[in-house]
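Accompanying notes for the structure given below.
Just so it is clear, A, B, C and D label the chains in written order, and each chain counts residues from 1 on its own.
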Amino acid sequence: MPPLPPLPSIGQLVFAGIALFTCASALGVVLARNLFHGALALVATLFGVAALYVMLEAEFLAVSQVLVYVGAIATLITFAIMLTRSMMYGKTSPLNRQWGKTGLFAVMIFLALYGFVGSIPWADSAAPVIADESMIARLGEQFVTNYVIAFEVLGLLLLVALVGAVMLARDND
Amino acid sequence: MLSQYAFILIMAAIALVLPLAAIIMGHLLGPRRPDAVKNAVYESGVETIGDTWVQFRAQYYLIGLVFVVFDVEAIFLFPIAIAYKGLDMFAVFATIFFVLLLVIGLLYDWRKGALEWQ
Amino acid sequence: MVPLTGYLLVGAFLFSAGLYGALARRNAIAILMSIELMLNAANINLVAFWRYGEAAQTDLTGQVFAVMIIALAAAEAAVGLALIISVYRERKTVNVDELDLLVG
Amino acid sequence: MQGPTWSDGLAGLLTGLGLPDMLALGIAYGIGAFILVNFGMVSALLLIWITRKAISRMQDRLGPNRLGPYGLFQTVADAAKLISKEIITPSQSDFLAYNAAPILSVFGVLILLAVVPFAPGLIGVDLNIGVLFVVALGSIGIMAALMAGWGSNNKYALLAGFRVVAQLLSYEIPMVLSILTVVLLTGTMSFQGITEFQSLTIGGFNLGIGWLGIVMPAAMLIFFISSLAEAELTPFDLLEAESELIAGFHIEYSGMKFAMFFLAQFVNAWVLSALMAILFLGGWQGPGVGLPGIGPILGIGYFFIKAYAIYVLQQWVRGTFPRVRIDQMMYFAWKVLVPATVGLIVVQAIVQKLPFQSPVIYALIFLANIGTIWIVVTALQKYIKSEGLRTKRSFEPASLIGTMQKADTYAMY
């Protein structure tokens, strides 16, 4: 009789819960017939991902995730859903003609990734890090030293988005 | 650090359960006599025609748009603000340049009237 | 401690779900939401590899890139949704299989 | 982080009773969280009483005065009434969105209490990112408003939901940026860190009046104004304008579900005033908090006095000012507050890098703040003048014909 696997620790149980929640909400996003429900599921997924970041001790990322994704992007998506009245109360199918083939393709991709991830002996545990304020400070420092080009280009991108998107979305009157 | 978030998790659970319990209490204690008129949507006594859709203005979306960009800006500025004491002048100018880029965007939208509520 | 495989599998699942949604949904906004899912999957992987990397304490590249992807996703969503709204104004639909201007 | 905290003490007590470490900490956290959540929900009763008393005094009324001393138990009676009311669910409402909205709206406010520092060592958890935590979880309230507006299948509710979101989004930016000025100066995002920064030790005795609000009055003012808007209080309560939107996004809610929105609103106003007390008025800092033994008790006292004083100030503003229009609300947020705060941040960033002693830098920051206030006031005076002119013109008979245009150009939604 093979030895029983060790009991999962509290951290592993919490991770399993968060992972299940995230995956279930992600399924909700792509399967929901009502688009607003899809948006709510997206918010749940984003919270789940933020919780995963916390488990990975990247708390600043977790809070940025909530601030930008939930606070801003999800709100924008909801606005767009309401502005375009694309609710689809089950009158027409939310899927296009190729959904069967696509579903098969997605399942195959997942299985391939699963096999790939499972076949490589990844690290089971990581060295402990001290995720204190100085780490966030170092993150800030990296933005303006090592990655300053990317940082400024991102600023430019945001500027272009601000100008372009406003021009696109305005009422022409 | 993770133990701090354990507190948040516990508190989140309690903060979700207590309001839920209060609402369930309300359901249990209150009377329950629904009828068609009571359950109708209240729109100042006018019969509701059609579904909820009103024509919304794209202005709401524009507000959200400008908000998104400034939110992202804030995300970058907070870690820089924490590291600020140790930064050299180059980094300071890079930060100010980043802020000014977005100010240009705001000014452009201002001139184009995207911030007006027409 | 949770093994790295756990995080990678969650990322893989989110990516596949997003892929399915992006290819199979008719509504353009739903497609955009699916793309956000895929970006999140990439982000999970970045942060997980940062955490389980050799020098997680000193080398923050994974986190830096994750923050940048979040910002990128914000810009992408802003412009994408503006495009969708603009298209809706012209064509009164946001279903991508009805947007066939280029089909003669 | 620094010094013992309540959770260490409680967990230590429990391990002393023979419990394992993990379990002891878990129980300690559970007790602490339960107390905090209940504090939030019960203090709402007190806050509603304060609001009624304050507003009624301003309107030359007595306010509640029948039940209990000074009518203190009036809100308890109201809560009992609300709990025994029928909960009406409108037909065709969306089950998920309609029912989740009130719970989420309370949740988003109560969870913020986890990072509010009440005294040295007495804070739920002192997160490294405490400030951003508060700002980020504020977005739950936005989602809740949208869910309530859409879920109740009512045109007015949806309209109000949209207005809520537009207003909360607009004023979140000046609020975040004014918090950023504080973070830029203190170099920390943890609430205890910010509070400790505001001590003023002279001769080994902590006077505790190195408040940031003295150095940066403009940032404090901007934060206060945005907190009024975020709490949906009167100058910015057009989301609940009864003459236009009936009651706001929670029009279709009744009984306990309505009470949840009500509770969230009041606790949110209090949390925002507590935040202002922490960020700009020193939180629990005050004369004598450094003393052993009596210090923490004094700290709790100072903190609550400041937080409730700002709450009363909010109600004062609420009882005094008229409601703004939606276009004025947008104008004020994007064309006055945001440029002012961005300018303030840039100036402060430059000033902090100047090669001077810190008193000189503080003086320069103070001057920049005064300058900002002056610019804002001048711009507002100009705006109000032009606004007055427009109002006067619209009452002249000649222009009356001009106003008879197609209705949709005047619609405000």
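What we mean here is this: contacts are C-beta pairs under 8 Å (C-beta built on N, C-alpha and C of every residue); 3 or more make two chains touch, one makes a residue touch a chain.
Everything numeric in this text was worked out from a predicted model, so none of it was measured.
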Intersection of contact partners for subunit A and subunit D: B
B-D or A-B, whichever has more C-beta pairs in contact: B-D
Chain occupying the most central position, where position means C-alpha average: B
Euclidean distance of C-alpha centroids - subunit B vs subunit D, Å: 14
Subunit A and subunit B, separation of their C-alpha mean positions in angstrom: 18
Subunit A and subunit C: spacing of chain centres that average the CA atoms, whole Å: 7
Averaged-CA centre spacing for the pair subunit C and subunit B, given as whole angstrom: 20
Sites on subunit B at which at least two other chains make contact: 1, 5, 56-61, 64-69, 71-72, 74-76, 78, 81-82, 84, 95, 106, 118
Multi-partner residues of subunit D (each touching 2 or more other chains): 127-128, 132, 150, 158, 162, 165, 169, 172, 187-189
Set of subunit C residues in contact with two or more other chains: 67, 70-71, 74-75, 77-78, 81-82, 85
Pairwise touch network: line, ring, star, complete, or other: other
Touching pairs among all chains present in the structure: A-B, A-C, A-D, B-C, B-D
In the complex with subunit B, residue positions of subunit A that touch it: 11, 14, 54-55, 57, 59-60, 64, 67-68, 71-73, 75-76, 79-80, 82-83, 85, 131-133, 136-141, 143-145, 148, 151-152, 154-156, 158-159, 161-163, 165-167, 169-171, 173
Touching residues (chain side subunit D, partner subunit B) in the complex: 7, 25-26, 29-30, 32-34, 36-38, 40-41, 82-92, 99, 102-103, 106-107, 110-111, 114, 124-128, 131-132, 150, 152-156, 158-159, 162, 165-166, 169-170, 172-173, 176-177, 180, 183-184, 187-189, 246, 251-252, 255-257, 259-260, 326-327, 330-331, 334-335, 338-339, 342, 345-346, 349-350, 352-353, 409, 412-413
Residues on subunit A engaged by subunit C in the complex (per definition of touch): 9, 11-12, 15, 19, 22-23, 26-27, 29-30, 35, 38-39, 42, 45-46, 49, 52-53, 55-58, 60-61, 64-65, 68-69, 72-73, 76-77, 79-81, 83-84, 86, 88, 92-99, 102-103, 105-107, 109-110, 113-114, 117-118, 122-127, 129-130, 135, 138-139, 142-143, 146-147, 150-151, 154, 157-158, 160-162, 164-166, 168-169, 172
Subunit B residues touching subunit C - in the complex, by the definition given at the top: 58, 61, 65, 68-69, 71-72, 75-76
Of all residues in subunit D, those that touch subunit A in their complex: 22, 94, 96-97, 127-129, 132-133, 135-140, 142-143, 146-147, 150, 158, 162, 165, 169, 172, 187-190, 193
